[in-house]
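There are structures below to look over.
In the two complexes that follow, chain A is the common piece, with chain B as its partner first and chain C second.
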Partner chain A sequence: MINQNKTKITRGQFFCMILQTQIGTQLVSLPHNLQETAKGGAWISSLLMGVCIQIFIFLFGLLLNRFSGQDFYQICIHIFGKWLGRVLCGIYSSFFLLAAAFTLMVYVKIAKAWVFPKTPHWFLLFVMLLTSVYLARSSLQVMSRVMVIASLFLPSLFLLVAMGLSIANFTYPMPFLEVGWLKIIQTAFLALPAFGGFEVILFIYPYVHGTNKQKLMAASLANALTTLIYTVLVYTSLAVFAPEEIAIVPEPLIYMLKAIRFSLVERLDLIFLNLGVLSSTTTLAIYLYISGKGLKSINNHIAIKKVVPIIALIAALLTYVATDPFSVKYYEMKFIGIIPVFTFIIPVICLLLSFFRKKERLS
Partner chain B sequence: MRLEERINEIKENLSNSIDIEQRMLHCKGQVAALLYLKTLCDEQKIVREIITPLQRLERGSPVHVVRSVNILVKQDVEQVIKQLLQGWVLLLLENEKNNYLFAALKEEAREAVEPENERIVRGPHQGFTENILKNLSLIRRQIQSKHLHLSTFYLGKDTHTQVVVAYMKNLANPILIKKVKKRITSIKVDQLLPGYLEEFIEESPASPFPQLLNTERTDRVIANLMEGRVAIFIDGDPSVLIAPVSLFTFYQSTDDYHSRWQVSSFLRIIRLISFFLAFQLPAIYIAMVSFHPEMLPLNLTYNIQGSLRQIPFHPLIEAAIMELTLELIREAGIRLPSRVGQTIGIVGGLVIGDAVVNAGYISYTMIIIVAITAIASFIVPTQEMSNAVRLLRFPMMFAAAVLGLVGITFGTMILVIHLCRLESFGLPYFEPFSPLRLKEWKDAVFRFPVWSLKERSNQPEPLRKKQVESSRRWGHDQSE
Partner chain C sequence: MKRLKLFLMLLVLIFPLFLLGCWDQDQLKQARLVYTIALDQASGGQLLGSFVVRNTTSHTQQIETNNTIYYAKGRSMREMSQAVSASLNGRLRVFKFRVLLLSEKLARTQDLYPLLDSFYREPKSPLNAKVGIVKGEANEVVQHQKIGTTLIGEYLDQLIEGEEKLSVISPQDIQSICPLMFDPGEDFSLPYFEVKGNEVEVVGAAMMRGQRMVGSLSRVESKLLQMMRGKNDGTALVSLAIPMTNVHSAVNRVSFEIMKSSPEIELRVRRNHLDVYYKLGLKINVKEYPPANLDSPKEVSKLNRYIEKILKDRCKHLFAKMQKHQFDGLGIGRQIIAYHNDEWKHMNYKEVYTHANFYPTIHVESKGNGIIY
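Up next is the complex of A and B:
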């Protein structure tokens, strides 16, 4: 370490980083959102989303392997040329800014609803940004180390959720295919904000030690684990709450934990909320970092350390667009519309263009 | 120049101080003068080893007869002054231009007794002294290796303090050594008093955590040298600096290796728990009492709320008053002689503790919390870390008072991020946790049997990792 290249991270750290980006605050309302249209098949939707993302992870792998040592920003500039490529970097950077703003929005919504009904909006934002900006200003290596420590808490999150199974009624979600496959597949896309974060693979991949195969394996494992946790989580809430009940509970997981008691700790929901805060801070930090990295790839003189606080400030201001749960939901639906463009469509176009480019050069 | 003038020049250069001793004598049939600082030199030694042989000298060079171990011949006055200030004796001869210098430093070293602040139950009861030569000899005697390397630096334009960097040449990472030496040589100051050096060479001055280990124990320094770390000795300071360190170095005590490994592992875990308790416990109490009383079981909540009903203060104020009182008692206890110190303990602990509850200012629960916190912070085997941890609980208490448990989560996260960012000479400070190396937990978090620690800790990135070649092989040996 003392004489090593300090910019590279290990595969384990890469794994934890993807995991921490994917798992964020959005998970608490995931069962509610999916159940609305998919009913008892909501857990299948979540599983399908995981599989779909897995396919794209392989496509990402194809793209990244063609340009070894370059991250997606550099690839964009490589494929689209200096000007168009830089514009695209800027757009991507703003996408991550939006993602950060959206993460903040959901965090404030849940924090206000469950623990701090009277604390001012700006103060909740301030503490969150203080922590995540501090993290995002660190090097990639330090960030990845923090992600590893944060991941040590994931088993407890999983345990907390699984605890719900003790009060579950397994007939509630049945029949699974009540609404039919088409609806279930359509609903899967509603899970996208919760699963969102796997796209960071595009930006971190070249800074990981190991062969392409090993790196893809790590990314896939992270996605598989996220899918597993989400699916169990959705299934648990489906089994704990009756279908009519879940429709009126926006954050079923927290509500469920309120009912479970230990001899020493009475309110497990508070512990769960703290774990949620932890995961959303890490998610936010990575979004801020990657957004800053985008600006750096436009102009190499920009230091990530210096732009991250500015990006965070803009993201904080953006959250004032929606301060009540209903408008958050409204913007959430709009945001879901643009996520696939950035996470699925543009990378695939890049992949196709890279094939085309290669041929051009050969002829 | 005449002898008289030469003597005056030297005296002038030493600010005509009263401790300059001048002794005229006859040597080789000419007038000669001995000059030295009597505050530094051993006068018996001068008589025995320098004056007596010189008076008998009839021809030849004084160099051949003087019985001093170190002899120098210098022309330059500046250099002569430098040597005089280090306890050397100057010989001036009337008809010779050469300045002869003989070492005659008074050896003043106290016994190598066990340091007061790092006592252990079992193991060697030996500590460093204020004399650097004695300290180095203590190390040399116990590491009889050709690889032990010592290099010396003189720091401080006026104080000219001797600083010695010691390391094992076959273990310590060359890049680390380069870093240490570069940082030491870059110090350009008038005075380098003991205790200054740490602040000059540490990486993050803003951090509350000590980034070098300060110890007065010889066995501790030896163990660290053998792990590939660098020890920095400063003349006049019994505490030796060790670099690079991780957080867990501060939680290892040498007597861990003198008791059964199960016991030591248990104690290490207790210490790590105490690390969290020392700054989290008051914060958790505040969060529980003022934010989430419903989190605790019902009976406990009634109990605590019952004792809190009469208290006029917010839990944060209550905790702050008590914590500050405790710091007050502690600080007062340090400066006083031990007999008066006991009185302070009784007045502070018993009288204040009891009266403050009876008067209805502070609740009993708070007293318990403060007491546990204090004890937890004293468990740390090193003073520096104990202080750092005690300081941390105030921001943590504030965070808890503002946002409850969520505040503690944010506070802890900032602390963990800080620890992950922190480096000691370019090496990670929070090592076996970040980067996560489960293998290193064997000696950092637990204390596995010594024979099972086949490899050295990777934290200082030693050149050679293997430390146990073979052990406990007798079971396979049929001849026994």
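Up next is the complex of A and C:
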């Protein structure tokens, strides 16, 4: 029992972990991606996505409570049996590998465009992975403590961008409903990569102290805060850039900061990027860890510590598929297509099957 | 285990040597900083760029700075800067770039965005540099290497900043004009320079419709436009003639500072018809008033009404002038896009704007009189 307590994390750490996984590099291009189709309603799209995810967090809670003490990998094996369950674990593990690769891809793209145009691709990857692999090789507790520290920087990140309001013109996003509700709802799904990360709830939930209600509350609060931050940031960039202008600025959040000038500090964008690197390091570490955990659940002899560097290497190699912004954008679109399968559809299928199986057992 | 730790320690010590600076370093000592660029039209559709590059020669005791002007012809900014690089000992860098000047002829015939594209695209370029229009040839301005003892780049920057503080021209830089260039619902104005003998003067503002210059405003008009936009920050000084009173003197003006101007625009939009109800509340601080009789409330309100009447006429005139040039300096189109979007989609805005009716009401309140009445 004591031993088990030691491997658990607190609810506050859980909260920070979800927050840090959700907030990552995709944030900076969110306003651009949403505005393309939703125009002035982009901030509504972001809000809707947050609400939608909230619903799924409750569904996750339902599923996880039925199998208390088990994470999603174990649940998969429980529901689908030894073989099919393990295959599913493998698929999920690869999904997180892809998510890690994707995070890296976007990070390198932004770092190259904004700060290090001449630094080689491999070096940017190396620096990034060095920290996150080190983190992912440590325990869940260590990781969660780092997340707490990283979360302390979030207010400054938020304030930095909210400063854009000083140069905003609030009529730019208006009229909000120019493209109609249908398009705004459709656009909401483009926000998925930026919101992505809430699915880690499925894998960390059983290792958190507290009652089910408390844990769900922590997860919901984290998601609510992410939604709030995103919505404010999207709205701010909509108000800073003219609608026709935002269409040509792929990373409005950084661009906006470059435009603000203070008497003491110039190039706020560099400060923002530093904070952004921290956010993506934590996101990356979590993805690597969960991917490794998936392999461990296939075969208990596999040590997470040993597979994480290998997973990181594969993710790094995968980023070579897209080294220029245009192909990154192309793969981004492809990746958005598969995210809902893993974050929405499969967990819900598991939930439905779990009802079904219980009945079967009773009969 | 100990050996591994030692190895890791060494790695940590060696690691900083490979930090990112190696690839992306850009040393200041190799950079040749361009402070100002003046653009003119050359023959055959080419541009003539005058690049003002700063030289710093340090003798043992003092550091001496002076400008060198490099001329280059080309069809774009990048083409010209390449041509300049060919005769430059070092790398041409824009870190300290302050002012971009365009000749009026160029601004009237050439879109602005293509000239600025390279600035927006490059992460290291300063987006807070100013843009100005020059009556006549732009390179005439930079040929004055120094004005007084100040080098031309700094001089222009300070000149513009000073005029912005006095609300004579609207504060704009490369970044802030970007949304306005793209936005069909609002136009902007840029400082308008003229070379007068040995001096460079801001003679008013150049009206930019979309990306091209369409006309110019005098200093008084430009200041009025700033007031109508509600963009005075307490330093705009307005002087008006007052009717002859018992003071028999040639000095017959009331001067006041605008403490706060709060405009309200109400629109009546019908298919091809636009009524603009413009309300302006002004709080003023009297700075000069020879009759010196503001001790009675009656006189104060008389003065207020008088100022209202004059300003109303001026606003009407200015609006008519802006309409003539289809220059939407008040951002009325912006309001239509935001609040009357259906009508916006079905109207030819510039046409409607030209024929819009303008009904101004101005309310002046004196809030200060200095230390005498």
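Simple rule for what comes next: the second predicted complex is superposed on the first by the 358 of 363 C-alpha atoms of A that agree within 3 Å, B and C clash if a C-alpha of one lies under 4 Å from a C-alpha of the other, contacts with A are read in each partner's own complex, and residues count from 1 in each chain.
In the analysis below, a residue touches a chain if its C-beta (ideal position, glycine included) is under 8 Å from a C-beta of that chain, and two chains touch if they have at least 3 such contacts.
Since the structure is predicted, the reported quantities are computational estimates derived from the model, not experimental observations.
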Next item on the list: Tell me which partner A:345 touches in the superposition: chain B (first), chain C (second), both or neither.
Entry: neither
Next item on the list: Kindly classify A:131 by the partners it touches after superposition: chain B alone (first), chain C alone (second), both, or neither?
Entry: first
Margin query: Which partner chains sit in contact with A:303 here, chain B, chain C, both or neither? Use first/second/both/neither.
Written below: neither
Check: Is A:116 in contact with chain B, with chain C, with both, or with neither (first, second, both, neither)?
Finding: both
Margin query: Just checking: does A:317 make contact with chain B only, chain C only, both, or neither of them? Give me first, second, both or neither.
Written below: neither
Notebook entry, point to check: Which holds for A:274: it touches chain B only (first), chain C only (second), both, or neither?
Noted result: first
Next item on the list: Jot down the residues of chain A that show up as touching in both complexes, chain B in one and chain C in the other.
Entry: 115-116, 119, 127, 266
Next item on the list: Using the touch definition up top, name the residues of chain B that touch chain A in the complex.
Entry: 173, 175-176, 292, 294-298, 403-407, 409-410, 413-414, 416-418, 420-421, 425-428, 430, 433-436, 461
Margin query: Under the stated contact criterion, what part of chain C meets chain A in this complex?
Written below: 18, 20, 23-24, 123, 126-128, 175-176, 178-180, 182-184, 331, 334-335, 337-339, 341
Next item on the list: Provide the residue numbers of chain A that touch chain C in the complex, in ascending order.
Entry: 113-120, 123, 127, 167, 169, 171-172, 174-175, 178, 240-245, 258-259, 261, 266, 269
Next item on the list: Quick one: which bits of chain A touch chain B in the complex? Just the residue numbers, please.
Entry: 1-3, 10, 12-13, 111, 115-116, 119, 127-128, 130-131, 134-135, 138, 142, 145-146, 148-149, 263-267, 270, 273-274, 277-278, 281
